[in-house]
Amino acid sequence: MVRYIVKRLALLAVTLLGVLTLTFFVSHVVPGDPARLAAGVRAKPEQVEALRKRLGLDRPLWEQYGRYIAGVVRGDLGESIRTRRPVFADLAEYFPATVELTAFAMFLCLLIGIPLGVISAVRRESVIDHVSRVTSTAAVSMPTFWLGLLLQLLFFRWLQILPATGRLGFYLSPPAHVTGLYVLDSLISGNWTALGDSLVHLVLPGAALAASSMAVITRMTRSSLLEILSLDYIRTARSKGLAERLVILKHALRNALLPSLTVIGLQVGVLLAGAVLIEVVFSWPGIGLYAVQSITFVDFQAILGVTLITALVYSGVNLIVDVLYGVIDPRIHY
Amino acid sequence: MRIRFACCLVALLGVLAVSAIASTPADTLVVGVVEEVTTLDPAIDYTFGSGPLFRAAYERLVTFNTTSGKIEPQLALSWEVSEDGKFYTFHLRQGVTFHDGAAFNAAAVKTAYDRVMAINEGPAWMLTSYVDSIDVLDDATVRFTMKTYPFVPFLRVLSSYWGMCIASPTAITQNAGDDMGKTFFRNHIVGTGPYKLVEWVEGQQMVFERFDGYWGGWAGNHVKRIVLRKVLDTTTMSLLLERGDLDIAYGIPLDELTSLNGKPGVVIGVHDTFTTNMIAMNTVKGPLADVRVRRALSYSFDYASAMEVFAGYTSPLIGQIPTGMPGHDETLPHYLFNLDVAKQLLEEAGYGGGLTLEYTWVTEEPEGRRIGVLWQDALRKIGVDLKVIEVTVAGHWDRVSNIETMPDLANYRWGIDYPDPSSILVPLYHGDSVPPAGYNLSRFADPRVNAVLDESGKEADETKRLQLLAEAQSLLLTGASNIWITAVPVTVCMRSNVQGYVFEPAAFSSFNFYDIYKQ
Amino acid sequence: MKGFWKKLGRWIAVRPLAAAGMATLLAILLLALLAPVLPLQDPQSVSMHDKLLSPSAVHPMGTDDLGRDMLSRVVHGARTSLLVSVIVVACASVFGMLVGLAAGYFGGIVDELMMRTTDIFLAFPALMLAMAVAVVLGPGVVPTIVALSVVWWPWYARLARSEALMYKQADFVEAARAVGVPTWRILRAHILPNSLSPLIVQATLDMGYAILTTASLSFIGLGVQEPTAEWGAMLNIGRKYLLSSWWFITFPGLAIFITVLAINLAGDGIRDYLDPRTRKRGA
């Protein structure tokens, strides 16, 4: 097991290096002069040259690459030319917002997806089952960002009960910084106004982001539960006269959810990817929005930073899922 | 189980509905802004986003009064200019303190401006190009020695809020570090202005509070707190204002204003800025090197329909200098939309059989898209195929700074650095301003224009100066270096209880906070 | 022929949803193909005085911010969206298949190299890489196709690799190798035809996803450009008028939704038909 994890971690390091190399060279052929942009479009040529030198952009590409990788190893992600501060500081500011949004969406997925899947399986071919199937197919066919726009139109424009953008209401200050997740921070500091308000702001983007993953989780729960329910030991349990509720919750569901772990893990990646567009639609100040802004500004260091952190989370989740799978399922040995 | 769940959901929605309703506190002014703020350092920042914050917390030696067109005192009470224009001597206001308690005096002016020039980024050129040295004559008197003189618009340069904001000398020396205080001033504002910065959540909001030691005092009507709320998504702004979440909404898209028409408690404001939108024509390479083709294109542009891109809130630009700025001349001739004339001119130039041209517009200046597509549709009728290409700011600068990649036509905006016609004509049309040195994208190089512009910088007599500027403008119109479209309007809408706001086209993104109050 | 209709009838009866999806998809394809000859207004004709009109008899879907007829643009948008996604899937699957087959068949260093390369591509959201590539290439239809193909091929490469691994040891391949058939011919004549069908199924199922991704890219403003009508690009502009002109985002979005839904429903049917293992499950 330990050897397996070590091997995976080593592979992860190689992959990350590859990701950085790929992004580095792709982003450095983007048309546009970063020194000119950093100095301001109206800066005089000498100012631009001075800044180019200071940012090391006058060096050959290979040297810049070497310096960058060396910096990353030391934990230095360079300086953003757009926000004019270390990329690390930017990520520390924007990433928690994405984590909060993704976690909330995942929470919705599990909270609604699993029970719905269970009901659909238990009451097979019932109205609920059919409705859930139709909605699931619809949900995966819908562009996430369009769903977001529709929700804004409905709940913000017409019903006027939910805010459309941002993490907190106007003139409210964020809770004291601990984790950067407003919901957690406001709980910790007992700031109930901020708690309510940040939850309110999570509803629409969270729901839009969750929709398609929720559909996948519902369908998956349903099919694996159905499979388990047809197995012998469930029949035995039923024949022993156990209450149906107990059979499903205690025996079937637990075993049905084990194989779902991979699917749920994969959905973390899906949510993270979907967050890019949702953040744009809802002006959610997370790394997706940061990435889009950085790309149009040809902010190399920022783009690289975002890529690094996303790749880390992506691969990290995969690794955790694989390891957990081995821990839970005794048949798998590494 | 299902019923319980449904109950929870209903309860949750109820809570949400209640907490979503909000209105702003009476002593707080909540302003929705759209522009990005990435650094608070007055020596580095060179963006429109800084307008509101710099005017809340910083002050300059002098300011420009748009109504009178005159320079007025702020931290300088009076000044003298030597006969030859070499020395500018300022007599400073006394009893002024910075937010950190430091006293404002001649040394403070020198320290602040020396720092801007030493850092030499962003707006610093406005000082380094003209100022040789700054000397402290006594505590209340400071003298600027000019590098190039006479340079008539210098006082107007000093009225710019870019680079001219005076930061506390104590803060500068104490936080110098090894980067001349760049790290400190990126996140802090220490000025003499009426409000001081108390909170900055990057990309979200800035909170200012009244500075008790402000030299202007706090008698009369003022607000206590100012919240600058960054609204990333301008589309939602009109509704936020309508609901009372905002007191002032800056930058509601023009097409959205119809939804605010007749809404109680809302005052719609649309103002022409000193920023102009135009299309540069490549006068050295390709078919547009021929002035007849450039004139043909000038006639093929539907100026009236283009105003609809701005929802009809503005009018076509006459000459190059927008209304309200010295040098604007209503009597200048201008091109009118006439496809027949355009077609005839094209035939004369040998392009009767058709022509393909490239047109770029910049993502961040979204009117360029509709202007391009509108023009494309008109040009189709006279056999010109216009390729409309979207570029980012980065891509735009990359293309236009090299003649090999410069498109035939490039839509762009130009905002002034300081409220003087030279801030438009020199960087855009002087032969020495070809990129990357300046912003003469069309590469228009007329020796007479150069001479007239050089002369106008030295001409102290206002009437003579205006004559020179008029000449330069008509030469440009004849040469058809660009298609001049309009002054770009901005929207500043507010709740009807907000009083005292005055729009300033020279600093259009900023607010005269000290004079604004709520009834 | 009669047998075909009978079969079709039974299929519709057993899988009404799949049949409905297939019918919708055919209708959309037909609309897209016939768009230029249909009695629609010119999708590129600008009229500033007719901008942002709400739906009416003249403009059933309203007009956009340049006064262009939305109905016509939505219909013409189908051409762009479908064309782009078909080409993307085709490019990505062909390239991925070639790489994957080679890797699976040869194994060793070639395989290792390919696996590590795909690792890199699969280690972060495809949209992000596509965004970066799209910025490099600039806007337009062709750059969009390239950007999306660049990020999509690894999926097919992995699939093709596992297929090749499976057939590499098969008797008929071993036999061919034993009699000295050249490698490229083994790949072409034996491995490729056998691996093709799962790849084609996968590619068909991916069409919907390709349409969504194309729309996403243009939605950020990095895809197809004016005056070409494309659903994602229309949503990108329409978003600016969300509060005042609901029709602007509603109809292009609906078009994407219906098309992808049709593809997914039809795709489910096709998969069940081709793959008997899943035929019963979930029915």
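A, B and C are the chain letters, set down in written order, and residue numbers restart from 1 in every chain.
By definition in this document, a residue touches a chain if its C-beta (ideal position, glycine included) is under 8 Å from a C-beta of that chain, and two chains touch if they have at least 3 such contacts.
What you see is a predicted model; the values in this text were computed from it and never measured.
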- Return the chain whose centre of C-alpha atoms lies at maximal distance from the corresponding centre of subunit B. C
- Write down the chain pair with more C-beta contact pairs when A-C is set against B-C. A-C
- In whole angstrom, the CA-centroid distance of subunit A from subunit B equals 38
- Task: Averaged over CA atoms, how far is the centre of subunit A from the centre of subunit C? Could you give it in whole Å?
- Result: 24
- subunit B and subunit C, separation of their C-alpha mean positions in angstrom: 44
- Note on the structure: Touching at least 2 other chains, the residues of subunit C are 135, 138, 239, 242-243
- Residue numbers of subunit A (touch at least two other chains): 30-31, 152, 157, 296, 298
- Hunt down the residues of subunit B that sit against at least two other chains at once, touch-wise. 236, 239, 363, 392, 395
- Note on the structure: Touching subunit B in the complex, subunit C uses residues 44-46, 48-49, 51-52, 65-66, 135, 138-139, 221, 225-227, 237, 239-244
- Within the complex, subunit B is touched by subunit A residues 30-34, 36-37, 39-45, 47-48, 50-51, 82-85, 93-94, 115, 152, 156-157, 160-171, 173-174, 196-197, 199-200, 203, 282-283, 285, 289, 296-298
- Note on the structure: As the complex stands, subunit B meets subunit C at residues 234-236, 238-239, 253, 255-256, 258-259, 305-306, 308-309, 363, 366, 369-370, 372-374, 376-377, 388-392, 395
- Per the touch rule, the subunit B residues reaching subunit A in their complex are 1, 5, 13, 15-17, 19-20, 22, 24-25, 28, 30, 32, 38-39, 44, 46-47, 120-125, 129, 186, 199, 201-205, 207, 227, 229, 231-233, 236, 239-240, 243, 245-246, 363, 392-395, 397-399, 401, 417, 427, 436-437, 439
- Item | In the complex with subunit C, residue positions of subunit A that touch it | 11, 14-16, 18-19, 22-23, 26-27, 29-31, 137-138, 140-143, 145-146, 149-150, 152-153, 157, 219, 222-223, 269, 272-273, 276-277, 280-281, 291-292, 295-296, 298, 303, 306-307, 310-311, 314-315
